[in-house]
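As written, the chains take the letters A, B, C and D, and residue 1 is the first residue of each chain.
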């Protein structure tokens, strides 16, 4: 769209506007310095660090069991998957043989986490584009998952259910029943998400062709998760670097090639269906067995470097542990999906309106503690 | 959809990678010890050449920089690049270190992978490594007036750091 | 004509959207998903695994199971638990042994990770389901878990 | 019934019993103004409550239920709280305009209320250009919003105000044209006479197809006129924080807020009068009891208010350029076509009359 006024003596100036750190659309304490010409975005510069806790430095003084609970506080919407990532790294380094029961339970809870995270995303994304009611419908369904977590893990968000070597304790006797109830419930509610929002003409106008990210840019910017897959970039860690019980189940990788906000939206909706199918395949076949393998009370990793990728609800989480053979890691690095996804915000928002910025930011699904770590 | 995609692609072996890459630049150090990937140690002056070749070469085509880690090895500062190829699906790790702790400088790889922009700013913020040719090298997380680089091993902050 | 077709289609999608909210409006009498929190205190029951705060159960003789081994203190990532102990003469055996004086728990620093309870070899500390932890003064978040005058239950240490 | 429902004459007659004619007229004005102010302050508050309750029911919540039975006094308590709050403002604000803006908004919306016939003869101001007056008055409110956004010296407020200006100028056109379509059918602008015409069937039935199209256009444009979702570009809390009233607090904020709800009532009341027969009961079932007209008028209006709330709690918000596309590419051409269609129908006598 050509927005310049030709042959005009009108003088216009670009101006700065401070979006955040307290702003409804930034979902936390992200601060964006916008350069705007009228309504058109010229530049977006994120300013981070408002809740940086330096988890990486804290990890250097903690034991390996203690690191796990810190990762709850990174991407709190997929805390279980974060825990799993650290545990997998430690287990691989120690070359522990993890019981199948643990793998299956981890996978089920991981997929439940993904659904819960996407439910919340759907709610707040609707709110960002102005449909306030979606928030409550999304939360209604997420609430059931949170109850399942609370009953089994003892906490709703920061679960800390994994320990290196397995799970902290066995699943609750009601777990299977409640999960099946949830799947049955959610199968009736997810189509409602589509009727309420997906088909809506206003919503489609707001989303289609907004925040376009090409496949090449997606790879170059290190986009992962639904953001990458919305651009046609096949990047599902569960497929390429399979872990836990993902090799035992069949599921499709949700892929869309448009690269706009609507594609990212559709990818997430489809991921919820895939997650449900994964849970259904596993929930009746949880193998019997132990939920822990014995580890030393003080875990010492062998000297070396260990890297583990997992697929959180937001994308690829990498855990890099550099060990010198002591009980504390020498260096821990978390490659968080949100950090890379945020870095492409400037790229996709420039040229759009303020409303477009909000819409594309909503489909990036940023969680600020994940970026700030 | 419906069609099951084949996710098992032919991966170049580490040995083949090593053979290929060692032709480009002679004095690289290769090791697989203590790591699940092939590690390459490179001198700072050859870093940019190696990395751009790793990306542009069709046989390697490491187009996905999935992790950029700043490191403090005690004596040296450095950066670890984790690279993956989205077409071949092999992974390689490139390490670079500099012994200059007062004014460490390395080449920026922003022009090769755009994601390096933020990651290098993070490394600059926490380790104080300056990246030459970085378009916008300023503090990312910390305030501009912050003194010191917190993730270095010799950083001391008696008020905020709780040491057990 | 696609111009008018678009209008009709657009209106149709809007009406389908309204049918969803309309359905919930009509059935809203069935009950809300929200809870009337302070009113439902009696019926509100937390799950038995819920991590509210760490407590040390005492039996009717005012005896606890904590031997003062400090494993919880070591396991805690945040320095939430402090154990003050000294060697006292055990009245039964007459020997000097390690006994807790105070098991201090800083609720304000606790992240509810549960590592201390996993670490405890004698099950002396457990989770309580109380979640109403807000207080007016930060200092009242520091709690002493063993009751005054309590002592170690016999037979725990074996 | 001996007491005439024509309140103006009733009060004037009563007052002229003990004062001169001029004084009585002025007295009447003051009394009626006070009555209207009181009624609509309360009505505005209860519209806010209704909105909150309706929103809650759409969203599976309970809504306000703490203050008074079923939360009926909630908005009263809110108003009390707002009155007692400090009036803050920015340092470099244009103080005079900043303080003036809320009054512009609230006065313009209160003025429009005067012309509605709530039931037969129960009308403060039966002007013969009634509809024209309404359209004119309802455009004044936007000046208040523009002033408020400009004078706040806040960029978010300014963006909101500019959006508001764009939006109101565009949609004013559709509101006017869709009403003119109906005027073709009635042949009068006077609201009381528009209702008289509808004794042979509500206009939405009389004018059938073009009337229904006009009604739909009117409701869309009317919703936009009140700056409510899906057209709440002006506030757009996920984009602009709070838009033009970012810097307002206390009672000044409450004026903006109340004005929005009274405007919504006005838009719905105009639609009731023009499309749904005003205070006329369906099929004339309660024609013998004129005061029941108030019930029918309010009832119909609230149905339309509910419709607008339903829009708000279902739809996402449009983007600012889409807002203009909708108006200039869809509503306006359709409206012009619709006028021709209506003219043809009136000319060929194809209206449905009972």
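We take it that a residue touches a chain if its C-beta (ideal position, glycine included) is under 8 Å from a C-beta of that chain, and two chains touch if they have at least 3 such contacts.
The chain lineup, named per UniProt: A = NADH-quinone oxidoreductase subunit D; C = 4Fe-4S dicluster domain-containing protein; D = NADH-quinone oxidoreductase subunit H.
Quick caveat: nothing in here was measured; it's all calculated off a predicted structure.
By number of C-beta pairs in contact, A-B leads when A-B and A-C are compared.
Central chain by Cα centroid: A, whose mean Cα position is closest to the mean of all protein Cα atoms. Rounded to whole angstrom units, the spacing between the C-alpha centres of subunit A and subunit B is 24.
Distance between chain centres (mean CA atoms), subunit A to subunit C: 26 Å.
Remark: subunit C and subunit D have CA centroids separated by 52 Å (rounded to whole angstrom). Note: centroid distance subunit A to subunit D, computed from Cα atoms, is 45 Å. Within subunit A, contacts with two or more other chains are made by residues 133, 136, 140, 196-197, 200, 202. Residue positions 164 of subunit B each touch two or more of the other chains. Each of the following residues of subunit C touches two or more other chains: 14, 17, 20-21, 33. Shown are all chain pairs that touch, namely A-B, A-C, A-D, C-D. For subunit C in complex with subunit A, the touching residues are 9-10, 13-14, 16-17, 19-21, 33, 46-47, 49-51, 75, 77, 111-115, 118-119, 127.
Taken in their complex, subunit A has these residues touching subunit D: 1, 15, 17, 23-25, 39, 126-133, 135-137, 140, 196-197, 200, 202-203, 205-206, 353-356, 358. Put simply, subunit D touches subunit C in their complex at residues 54, 56-62, 216, 310-311, 313-315, 330, 334.
Put simply, subunit B touches subunit A in their complex at residues 1-2, 4-5, 7, 33-37, 39, 63-67, 69, 71-72, 80, 82, 86, 89, 93, 113-115, 117-119, 122, 140-143, 150-151, 161, 163-164.
Those residues of subunit D lying in contact with subunit A across their complex are 55, 58-61, 155-156, 159, 229-230, 232, 236-241, 312-322.
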